[in-house]
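Everything on this sheet refers to the single structure shown next.
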Amino acid sequence: MTKSLNTTVDIGGLRINNPITVASGTFGFGREYENFIDISKLGGIMAKGLTLKPREGNPTPRIAETSSGMLNSVGLENPGVEYFVKNELPYLKSKGVTVIANISGNTVEEYCEMCNILDNTKTDAIEMNISCPNVKQGGVAFGTDKDIVYNITKEVRKSTNKPLIVKLSPNVTDIREIAKSAQKGGADGLSLINTLLGMAVNIKSRRPILRNNVGGLSGPAIKPVALRMVWQVSQVVDIPIIGMGGISTVEDIIEFLLVGASAISIGTANFINPRVTTDLLKELEKYMIENEIKDINDIVGKIKPY
Amino acid sequence: MLIENCRVKKNEKIIEDIYKMEIINEQITKLGKAGQFLQIKVNNQDTPLLRRPISINEIKIDEKVIVIYYKVIGKGTKLLSEVKSGEILNVIGPLGTGFETNYEEKSIALIGGGIGVAPLIELGKRLSDRNKVYSYLGFADNTYLEEEFKKFSTSIGVSTVSGRVGYKGLVVDIFKNELIDKKIDLIFACGPNPMLREIAEIAKLNNIECQVSLEERMACGFGACLGCSIKTIHGMKKVCSDGPVFWSSEVIFND
Amino acid sequence: MTKSLNTTVDIGGLRINNPITVASGTFGFGREYENFIDISKLGGIMAKGLTLKPREGNPTPRIAETSSGMLNSVGLENPGVEYFVKNELPYLKSKGVTVIANISGNTVEEYCEMCNILDNTKTDAIEMNISCPNVKQGGVAFGTDKDIVYNITKEVRKSTNKPLIVKLSPNVTDIREIAKSAQKGGADGLSLINTLLGMAVNIKSRRPILRNNVGGLSGPAIKPVALRMVWQVSQVVDIPIIGMGGISTVEDIIEFLLVGASAISIGTANFINPRVTTDLLKELEKYMIENEIKDINDIVGKIKPY
Amino acid sequence: MLIENCRVKKNEKIIEDIYKMEIINEQITKLGKAGQFLQIKVNNQDTPLLRRPISINEIKIDEKVIVIYYKVIGKGTKLLSEVKSGEILNVIGPLGTGFETNYEEKSIALIGGGIGVAPLIELGKRLSDRNKVYSYLGFADNTYLEEEFKKFSTSIGVSTVSGRVGYKGLVVDIFKNELIDKKIDLIFACGPNPMLREIAEIAKLNNIECQVSLEERMACGFGACLGCSIKTIHGMKKVCSDGPVFWSSEVIFND
């Protein structure tokens, strides 16, 4: 039965076996989850966000819980792109995992240099994070101005032959403008949404809970905002969208596909149930059978708005 | 690492806001070590969203029971305190590295602050076979779990900040006074960060080996989120998977 | 004991008895809550959003529940400003209620006309909503461009002698810029935040749950975003801020005051517990006593960021 | 309007996904009328955030019990189905206007679709003293609550879409066939919107007075949020406080 189902989707020139990927920064480089699941079953792994040089990230506390959500101010702790290429990528590829490298830079040049490094590797695609709210320089600035998004995408586009996915920040007035600029700049696909900028306060100490004062909000709380943005963007671009933000059930996945995502990423939910991805893959296939959906692409964008 | 639906055998208040819970799970009791911890989902809702890290405080292999002691702090531990025996909790564990316990003929100090005394119980049980164990227990006002420590300790020092029981002041002060006398050559400590930092300094000054069990806010508990990374002399380490127990000499304490 | 506490605060030239007000659109014109509480105990009532002419609002469904939040697409159903002045305001004033009229317009002229009408009444202040995401014309456009915000505030400022509070939309890239423009334009105070634009999907019908497709997200889910925005804005303006977004406990109130709000509004929480406002007022006084806070203003903005 | 913590006396599945719950509250039983409803908070968490509107389906004054029947649809009703007897639920009620029941010597049709049959029980009980009550109950597949209706109905028509029990098809069709014979001069209807719209048309065509109980998604339930406003020939009306019962001739049905 399952055999006759098509779950493969295209995310900008890269075909993946199923639409369930994992969100960058929530899945490390995959190793931690091998205690729980067969990671090669995933559509793909968006690896932990990389920078050109290793970063220690922000001091702790880096985590705060909020209603149906969490804030993080990890601040892109990572071993740097070269370490990744040498020590993590070969391992993941040996396991048969589809690997999408997630990159963050302080300058256009840094992004391009990282692409140059990744281009000669087996990385399957590049997800360009122009939205991380935790890094003071770069981060927010890149992702919130449509002209900058256009320019940086255009430049980075020249530095890589891999599928280039641009990951957008939700902390903007009009996500459609940003998305159109990324497409115009040459993006093959779009990921949205990254975290909403938020804050939590400890009333006893009268201090922010996060040592970084503010952090990125993720989890079920942001799902309505994410759905809205995916829906808005899917109406103005022609490239595939990877939808994310608070996904934790198979219904959530269907919702994102209906509003126009070709694939989805699961983030925060991995922390609560490290088997959520493969559990949901099974449920997705069951859903397809029950609803006589032969090809998962048949429901992408099939919402009927009023 | 297991994800298990575990039946709660018992859940009872032992004093004020401190609870004792017994959780049944054969495999975790077999695999679990002193100093490791569990990530507990306190209900099936989106609030509280995250699991709560609670140490494995005692293991009763024959009963297949893990004992945890916890203090009601906020929403999560409040809900935990309302769980009834017979109910099921979803638990990930055992997590983290646990204490290094392969010692003999040592004079060992266990120093616990507040609910941080609890993870030292299983440790003390295991160490006391082949070592002398001196326990130092610090509390704010009410004391608890002394009876458990009496079972394996050569001596016990108790302090309360309020002075209600034992020495009035900080437990570290009792320890400082005794550490030469008792010829302490190994320290295990668990409690609030400032206490651990002070103990780390004392250990360094007196050239005593010292293991500390740290706490950080965690999203995952198994090394994936980098929420719990701390600075050490060997670079960034994750409290959840590289710890929670570290050699105090490694840790670069936050201010 | 309670006698010696000062809970009065200033919200832009208007002194209110305590910092607990209710958010526009969640408290009707007060009448519905008289079955539950003494509404004159409130710091003030932000009345249901008014337009120049009566409006029927959007078709139903207008409500969708999300994780720790809700979406609404009421679409400013209201009887119009003149009806309010004739039939609702006198009643509220006879009860001794402090009344802040919340106004929405399609054009600058409409705002000014509404102010003219309200200026000769006993309305205590005007809250200018430039942020409602449900009205296609006006709404979003006004509140998301700093120059427009400056201009409209300046014009409306001329049309009224009442304290003028500008209510900001969170659906913007940089709330600080918008807040500064409102202050520069002559606002006496700021209210933030309004709802985040969101969406919910019914996977069975493959339609949006809301007949309006999208709606405004409110409730505990948005609190981290609201706190962050109040904190950011409080650092760049000198006028009082009324903070709101997901407040449902006394701890929430303290958090908003600490990050810089002089007063707060309770919205969605009223639907779940119609007595929440007066319950929290008691708890706030208890909190002040226990923490030896004589004057509630003493904690406003007292967060110590890292 | 009261906000009450009410003890749950009983909560049991009656068939498939249909549950019956008995809630104890003296004042609500005294004040409550057929067609009114409760706003129930199914737990103390932020999820589900909103209360759930459920009709007062039966009132047992002497036992101080309100009976509700509900169908498990989503998260809220699922949690409701897990509530154990003895537990406390926070309830606002009675809400809404309820049915106008001051009639005598009428031939009355009660038409219910699915779980919409439930609110007609209390109504039928009250009307049957002085009127003839004909009940028409439509279901998808399984049927329920017929026994309750038998207690006060002169006759009962049952339909299922699947044909498993009674007439195969829609309940409105049975009603259409009988309405002349039974000389129906008053209709009360509760069920899905398309059914109500059709009944409204039949009522109009045959010049029969008709009360319909409507459903809309609600945030508050007491008139404050305007989430439930519908168009009527008298302008916008709130289903929660101007309704949920309306004269069918007033309502401008949505497409």
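Going in written order, the chains are labelled A, B, C and D, and every chain counts its residues from 1.
Operating definition for what follows: contacts are C-beta pairs under 8 Å (C-beta built on N, C-alpha and C of every residue); 3 or more make two chains touch, one makes a residue touch a chain.
If you're wondering where the values come from, they're calculated on a predicted model, not measured in any experiment.
The chain with its Cα centroid farthest from the Cα centroid of chain D is B. Averaging Cα coordinates per chain places chain A and chain C 34 Å apart.
For the pair chain C and chain D, the distance between C-alpha centroids works out to 36 Å.
Per-chain Cα centroids separate chain A from chain D by 46 Å. If you average the CA atoms of chain B and of chain D, the two centres end up 55 Å from each other. Among the residues of chain A, those touching two or more other chains are numbered 64, 66-69, 219-221. In chain B, 46-47 are the positions where the chain touches two or more neighbouring chains simultaneously.
If the chains shown are joined wherever they touch, the resulting network links each chain directly to all the rest. By the touch criterion given at the top, residues 64, 66-69, 71, 144, 171-174, 196-201, 203, 205-208, 211-214, 217, 219-225, 227-228, 231, 246, 251, 254-255, 258-259, 299, 302-306 of chain C touch chain A in their complex. Contact residues on chain B toward chain D in their complex (touch as defined above): 43, 45-47.
Residues of chain A that touch chain B in their complex: 25-28, 31-33, 35-36, 48, 56-57, 59-70, 72, 74, 77, 209, 219-221, 248, 268, 270-275.
Contacts from chain A toward chain D in the complex involve residues 67-68, 220. On the chain B side of its complex with chain A, the touching residues are 1, 3, 41, 46-51, 92, 216-231, 236, 241, 254.
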